[in-house]
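The two complexes that follow have chain A in common; it is paired with chain B in the first and with chain C in the second.
Right after this comes the complex of A and B.
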């Protein structure tokens, strides 16, 4: 059992955060302009050549984390190790396409469930042979979407915990994060680290 | 455990059979059912492409808060969809039985045109006997 990835969308249908863990097929970087800045450094389009990226840059940032509360636009753009060298290895979709598909599926299913049930009912999850997708939607229109092992139980409570814990603490209450800006994601070191710690501490994550 | 409805969707995404059981879910117009079936067909194709680990099937089970949809895809592309309460461990088995009935009462019927709506009394009665 494991957890593959986490997507957060705002009410303007834009992906504002992405994080993955034990994903076998890595996400391909998005094309230029395909996603907002500060969503995830892993899928940000490569504007720098790999040689230009100083590997110690992230560590420098970490050591400063006592001072820097949010790193909104200066997210280190560390490309995936094999993203530029061997594009044939990851034959999946570019991240921006993938993010749109995930959102489209979730939105269609949500409308469908609403239509069939005839009331304001939420879509909870769906399962295929290799993964399970969970959705938690907040009243403010943020959608938390998690991909996990197909045999996992409902992870809605985890998504709710991410919302009520790290998200409220390091995104909503963080004056340096521009929420609802339509121009920026919500990625910052604190949110990423504390979400990461929460997910890695789960019993389904092994 | 209650069964709310059964849909049969052909390989092109057209709804060829739809029937409600009980009154757990509100009835919709046949046009709305056709649209939903088409949407489901599309979603099913996309879900198989979103897999984080190699190739995947399309969605097997879609859950809402008060019901779930169990989808069974045959080798020929026909989809059988069963709408049930969220806790319904026998949904897959029921769909297998429905497939058997479909093979017997629909596919072996010389007057049935493939991929067209199913209008067969034998299918209706056997489904009714299967799902009470």
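Right after this comes the complex of A and C.
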């Protein structure tokens, strides 16, 4: 039983934090302006290397062990010039597209379930053949989404622990983190190391 | 109202009102939720920053008007830091220097405001904490009071290390100072350290205010070497 990755979205529907432990293909940096600064050092666009982004390869059905990317055949929304880059980078979406997809899936499922079963029903997790996606939503609109292998039990309690532990300590009570801002994510050193330590210390991890 | 009724009751039924009177004289300690205090202090710094920016802009505007009206002499340009002959080539750095100086002035204004707020708070807290204590024999005693009672009242622990040079300078060291314990930044440790400096201005003011209320005029300088360790250097005037 392993845990693949963690996404945190705020109530403005933007990804404010990303952390991964295992991926088949490395996360690709986002397009400039696609994600907020301070989400994750791995996926922040680096303006010095424009060759890292290649959106023209998106029309494929990819199966990463962390994210199943089912892309329709639409023209890419942000027209960017084709960049020549090494084949290892032409895999999967840039991070901001991926984050939006994950959020979109969660939001649509949640709304559909509410419409079908009423307001009291809550979307908790869903499972496919390669991964399981768990959702924990707080009253303040923060959504904690975790992807794990399909055989895992419900990890909702883990997400709840992340919320009441590292999140409250190092994000809410941290003077330097602007919560609810539309321009910054919530990544910082202490939060990252404490969530990492917490997840790695779980019995369900690897 | 409650006080008056208890005093009136004292004449008639002393036995039942004694607990009320003693409760008045020695009120139970009131505590404040630590998290609520943290949130309040975070907002305090942001608010003071915004309001001080407005105040500084206002004084600058008035100054500029007076300069334009000829009432004040024109101040020497800040590019005096860069030699005048090289001003053209250093125009960009000159403006950067101006920007930096302006930002430092703003930070200094914020720091002063936070420190004076801290002084008021510290004075009143010290008043409350020493209401049943004996007088302090000497300065060292007063500093020790700060290290123990004030620190536990404000930050739930005691100072870890107190050093002095016996000539009026005391260094109080806290290895895990509560106010900056959770500060962490996207930009790494160095960035967090730089930004944390403003958050220790108010605690320094608390110490200064407490000592002032106890009769000692001091200068308190906070220093952060590594997060979350913080030292406060307390300088007493000569002869104390």
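FYI, the second predicted complex is superposed on the first by the 163 of 206 C-alpha atoms of A that agree within 3 Å, B and C clash if a C-alpha of one lies under 4 Å from a C-alpha of the other, contacts with A are read in each partner's own complex, and residues count from 1 in each chain.
Note that in this section a contact is a pair of C-beta atoms (placed from the backbone, for glycine too) under 8 Å apart; a residue touches a chain by one contact, two chains touch by 3 or more.
As the structure is a prediction and not an experimental result, all values here were calculated from the model.
K.L.:
In the superposed model on chain A, is it clash or fit for chain B and chain C?
P.N.:
With chain A as the common anchor, chain B and chain C both fit in the superposed model.
K.L.:
Taking the superposition as given, does A:113 touch the first partner, chain B, the second, chain C, both, or neither?
P.N.:
First partner only, chain B.
K.L.:
State whether A:176 touches chain B only (first), chain C only (second), both chains, or neither.
P.N.:
In the superposition, A:176 contacts chain C only.
K.L.:
Which partner chains sit in contact with A:188 here, chain B, chain C, both or neither? Use first/second/both/neither.
P.N.:
The answer is second: A:188 touches chain C but not chain B.
K.L.:
State whether chain B or chain C is in contact with more residues of chain A in the superposed arrangement.
P.N.:
After superposition, B is the partner touching more of chain A.
K.L.:
Just to confirm the geometry: in the superposition, how small does the C-alpha gap between chain B and chain C get, in angstrom?
P.N.:
When the complexes share the chain A frame, the smallest chain B-chain C C-alpha distance is 25 Å.
K.L.:
Once the complexes are superposed, what residues of chain A are shared between the chain B interface and the chain C interface?
P.N.:
Dual-contact residues (chain A): none.
K.L.:
Would you mind writing out the residues of chain C in touch with chain A in their complex?
P.N.:
Residues in contact with chain A: 35, 38-39, 41-42, 45, 182-186, 188-189, 192, 195-196, 199.
K.L.:
For chain B, which residues count as touching chain A in their complex?
P.N.:
25-26, 28, 32, 36, 39-40, 42-43, 46-67, 83
K.L.:
Show which residues of chain A lie in contact with chain C when the two form their complex.
P.N.:
37-38, 169-170, 172-176, 184-185, 187-191
K.L.:
Per the contact definition, I'd like the list of chain A residues that touch chain B in the complex.
P.N.:
4-5, 20, 23-25, 93, 98, 101-102, 104-105, 108-109, 111-113, 115-118, 121-131, 133, 147
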